[in-house]
Amino acid sequence: MGGNINGRILTLTTFGESHGSAVGGILDGLPSGLKIDLKLVQDELDRRRPGQSQVVSSRNESDKVEFLSGILDNYSLGTPIAFLVRNKDSKSIDYSHLENTYRPSHADFTYEKKYGIRDVRGGGRSSARETLARVVAGAIARQFLSTFGIEVYAYVCSIGKIRLSKSYNQVIPDNIESSPVRCPDKNVSDKMIELINKTAGEGDTLGGEIYCVIKNVPVGLGEPVFNKLNADLGHAILGINAVKGFEIGSGFNAVEMKGSEHNDSFIVKDGKVSTETNLSGGIQGGISNGQDIYFKTAFKPVATIRKEQKSVDNIENTIIIEGKGRHDVCVVPRAVPIVEAMSALVIADHILMNQLSNMDNLRK
Amino acid sequence: MGGNINGRILTLTTFGESHGSAVGGILDGLPSGLKIDLKLVQDELDRRRPGQSQVVSSRNESDKVEFLSGILDNYSLGTPIAFLVRNKDSKSIDYSHLENTYRPSHADFTYEKKYGIRDVRGGGRSSARETLARVVAGAIARQFLSTFGIEVYAYVCSIGKIRLSKSYNQVIPDNIESSPVRCPDKNVSDKMIELINKTAGEGDTLGGEIYCVIKNVPVGLGEPVFNKLNADLGHAILGINAVKGFEIGSGFNAVEMKGSEHNDSFIVKDGKVSTETNLSGGIQGGISNGQDIYFKTAFKPVATIRKEQKSVDNIENTIIIEGKGRHDVCVVPRAVPIVEAMSALVIADHILMNQLSNMDNLRK
Amino acid sequence: MGGNINGRILTLTTFGESHGSAVGGILDGLPSGLKIDLKLVQDELDRRRPGQSQVVSSRNESDKVEFLSGILDNYSLGTPIAFLVRNKDSKSIDYSHLENTYRPSHADFTYEKKYGIRDVRGGGRSSARETLARVVAGAIARQFLSTFGIEVYAYVCSIGKIRLSKSYNQVIPDNIESSPVRCPDKNVSDKMIELINKTAGEGDTLGGEIYCVIKNVPVGLGEPVFNKLNADLGHAILGINAVKGFEIGSGFNAVEMKGSEHNDSFIVKDGKVSTETNLSGGIQGGISNGQDIYFKTAFKPVATIRKEQKSVDNIENTIIIEGKGRHDVCVVPRAVPIVEAMSALVIADHILMNQLSNMDNLRK
Amino acid sequence: MGGNINGRILTLTTFGESHGSAVGGILDGLPSGLKIDLKLVQDELDRRRPGQSQVVSSRNESDKVEFLSGILDNYSLGTPIAFLVRNKDSKSIDYSHLENTYRPSHADFTYEKKYGIRDVRGGGRSSARETLARVVAGAIARQFLSTFGIEVYAYVCSIGKIRLSKSYNQVIPDNIESSPVRCPDKNVSDKMIELINKTAGEGDTLGGEIYCVIKNVPVGLGEPVFNKLNADLGHAILGINAVKGFEIGSGFNAVEMKGSEHNDSFIVKDGKVSTETNLSGGIQGGISNGQDIYFKTAFKPVATIRKEQKSVDNIENTIIIEGKGRHDVCVVPRAVPIVEAMSALVIADHILMNQLSNMDNLRK
């Protein structure tokens, strides 16, 4: 039973192996009449590609998205929007050494056992290249959200042990993209780059954390009990490669707080019900309360390292393997647009669902 | 668009307001021929009820599950299993003071804004009483899993600042239920109880963490890319009331580790491919690898406190409210069976999905 | 994989065996704030019960629906509406003679082979008693539709070889319920009753056809390509017990017509685009065009007859069986409210879906 | 809410406007390890293309399917299979005359009113060209079914008033493809061709009927109550362009039969439970009983005719339009592979679902 469809009303179905013909997807359920700026979509795609700075993989891909349907004269038709990105730069690489090998903490072993067959070239379907389709669809979702005034942005808040101590309220979003590691504090960003370069020299890799902020979300998004907004956000984020954790609002810090410390008192601000604090992270009872939504997510270090590692092959011999090829030391900066894309898709889906929650909102 | 259906093949649809007639659900998609011990189901339900120990709410509910369909002579028929638990003990309580009030960090405000109408009695649909249905269904899922040899257990690993320092491997599962707070270390458990009692005296409340372990999961569960096993587990857990965070395997600790430290080397053990370490938490590429699955989840402190709090009413006047009635100081011990139930439902659903992943597995 | 959930946004999940504790369901996805007249729901239920006239089974059931959730002070809460109807009148009947028997053209054989276990009492889940839940949910959907001015009514247009020759436009809806067989022409109705009585005397049974008309449907319902409005209507109707055929608009008569005869010319009528004829049955390209939607459906004769029939038992011996108990000679009149209910559920679901088809319709 | 996803486990998501870049789809949920003969897929596609005989449109398209993912060395990977067919031959055609026009019994009016925007070129998404994707996916589903020994074939049983009087049991499947109109009786086929040619001369068009037969279906397919096998087949068939009716087994003929005539007596044949007659059409209680499944479906005459027709434009002026371009007089022969494709997809989906109906069938 395929797991390649995301969303309930706005559904994204994706396809593609890393070194097959193409990766792409179909975005279904987008209302007609949305103006879509295709250049902005390509811009988002460019944000996740390798080779964009000195600290990430130097592979020079230029992934161009091609739209196949659903858009006419820059407006959505209300029909499925299909798109693809051709795979390139793959034939010259020899993957035969991976055919019988299970790389540690990769998906080689589990794919082989589940499916009995796998495309070993570049990780096949388990490659993060699959996330291209998410970024394309997310870029459209984002344009949908902007018609509601909703903004989504994410940034790197830690790499290895280097951490940004500022809260999200102190961060200047405009400073995110100017950092090669997408950390909006010049000082911390520099230290992260330094750590990446040092770790690259060691042949090792790094993990990190991403913070995501969603602003101007209307009150009411989220469908209790199982499709609470936080649950659907968590689902989307935990489905991104290498993610190990997700926390919303106060998150794991809530554990050590008392109720009197953690409760967000309601106040009236600018004539609207607001909260004094926002430890809830903008969601109460699974439903957005109009405050900023923010969450943090943890990425494990890249599994491919340039060091010798013990492993087994598919006939259960112990072997020694060593990572080859050009690989990122730390993918967290490149994951920023992916986190944004998945968040945008979830919020857009819930915007649509919430149109139907109340008789008063229905058009007659 | 209702959010009251969970799962893809094994679907649980739940219903019920806290002080309506009943709460319950329909479990659809369970194969026929499963022997169901109804007493074990009731036992699970008893584990989540208040009044079970000195440290939780003293309300004396005796929730009895009634099955309405789908089971004949203790075997599943392959038809929907419907069940309900009648609500009692509610008429005497006066909820009129809550009608126009938004309690801080409760769902009052968001439900009212989303639906324009809400059942204020006992929190209505947003009450944790809704989780009764999850526990009943989870208890059946558990019996399904035990035919595959799969075990699911959870325990409290922290309350407030009191933490269990043992790893899950050092924990003796049999010691969980003997602790009134479901912490399997007598010493830590006692400290937790002490903290709860002290905090009760202050009129305040506590949060905490639950660890969940799933053993003997076969290799192959999980449907990439969007229905990775970790993503579906996270979704189910983040949909439980008061949950603020979820991490699988190494979780947020992965962030500070290097690839060489975090990778789980493959080894051959007892003639089977295994891993030397298990920082992956039993899931790689979104698919179970046969190792133990374990995750941690964070619960915020209970929102109802016996202290004065500032809030607003529904005509935007500032008011002072104070919690009344019998409320838990800390719900985390009672949430243990709920976490187990949701985990069991997800694993059972994936056991079913995975039957269909490979032509070799199909019955002809 | 259970097949007990109907609809996409407005979902109905049903449960219940004929002689288990209860039948019922959960209606999820209904917007909050709908005024629900519970008496009208019970009235609909009463329309499908046996014993309502001289020509249908004389079993005196009085099925009372009990609502368990989702409604407060006669308004929908936006939460799941659960309901049940208790089963009665069953203990005294001895079903042991059916345990090992496959009745011809019943579901005994297929249920036993599929599930390996079945509830033989009264047909278990395959009993038409299951449709009680559809009628309850449909009665709510109908009240939802009436806020849009949409009307749904059905009537019997043939029983055996007795046919109503009037077109649906010539039928007076008010005459439907006054006929014991729900045929709105006194003369034809009388002949049908005569035929039923004659056939009852022979120990035999009859099939028939139902015509359903849906008026005032707005333009735009239907989600091409797979969820065309006609496809979803057909799905819902073909899922009713004993239905063998479905045709929309001109239906099978379209086959012998030429394009020039079959095309519905557009005209302007009362300042709105309308069509001169309506052979399309109110749906073009899978989307409603504002004209009347009408379809016809065929019911096979009741399988239980009071005549000897050859069959086999579950150890493959040839046996002779003969129907016992009180059974309808013709269920078609009782199926009228079921056809209406399923139609109302489909149209309501599409009303909701169509709110999301166009950016212009979204509430911001 | 998009309606472009078909199926529950084996899901087909399609995309594409008639004169956009491409049409295609993603088939998700196909188990890994299925050997796929890509030439057979292309062969199926060739069967539905225009220009294949003297009696259908002479447009010389050569639609070539390109696979983008999910297949490696002719085996399914268990990952999504994406494919596309490029659109050609479109630029030269001038569609500006249709921009403001609603062609009678086409989807122009309904698409414009629903979406507010439409691709007028060649009917856009409402074009039957969309069914290309169904045929490709169906051709794969067929290869899946053949591993279970299941065969699906369809043929034309009427065009206009020319009807094949043979029952499906008398038809020789090998004679279907040799007929230009896919009617397996040379004599009737010749009359149909004659009628088509005559009608072409009149500038008019024809409808017709297709019979579909599915052989060797195992007992047990179908998920009561809403996903009865007949309901899901009906849904899939009624979603094909121009279909107005669907009947299974005895269909509308059942109406005039008595129970004693219509019941299929069980017998033992070749050591297996079988039925003497098969008026049920191979499905009882919504579940396949191992007998042949057969159904009939009605297609309306083609809406585009070469005659003057009255209509209105989008500012509600009365206009006269006349069909231009190369159009089929009768699409029924070309619809044969589409009916087969949709049937194959439904049966394949149910083969998968039914693997999960019974504990005894699960692999442990």
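Should a chain be cited, it is by its letter among A, B, C and D, assigned in written order, with residues numbered from 1 in that chain.
Note that a contact is a pair of C-beta atoms (placed from the backbone, for glycine too) under 8 Å apart; a residue touches a chain by one contact, two chains touch by 3 or more.
For clarity, every value in this text was computed on a predicted model and none was experimentally measured.
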{"item": "Contact-richer chain pair (by C-beta pairs counted) among A-D and A-B", "value": "A-B"}
{"item": "Taking each chain's C-alpha mean as its centre, the one farthest from chain C", "value": "A"}
{"item": "Inter-chain centre distance, chain A versus chain C - centres from mean C-alpha coordinates, in Å", "value": "45"}
{"item": "Centroid spacing, where centroids are CA-atom means, of chain A and chain D in whole angstrom", "value": "39"}
{"item": "Chain A and chain B: spacing of chain centres that average the CA atoms, whole Å", "value": "26"}
{"item": "Junction residues of chain C - those touching two or more other chains", "value": "1-2, 4-5, 9, 14, 29, 32-33, 78-79, 114-116, 125, 224, 352, 356-358, 360"}
{"item": "Residues on chain C engaged by chain D in the complex (per definition of touch)", "value": "1-6, 8-9, 14, 102, 104-107, 109-111, 113-116, 125-126, 130, 158, 160-161, 199, 202, 204-209, 219-220, 222-228, 230-232, 234-236, 238-239, 241, 243-252, 254-268, 271, 273, 275-276, 279-281, 283-289, 298-305, 307, 309-312, 316, 318, 353-354, 356-358, 360"}
{"item": "Complex contacts: residues of chain A adjacent to chain D", "value": "1-2, 4-5, 9, 11, 13-17, 20-26, 28-30, 32-33, 66-70, 72, 75, 77-82, 84, 114-119, 124-125, 352"}
{"item": "Residue numbers on chain A that touch chain C, as the complex places them", "value": "9, 29, 31-34, 76, 78-79, 147-148, 224, 351-352, 355-364"}
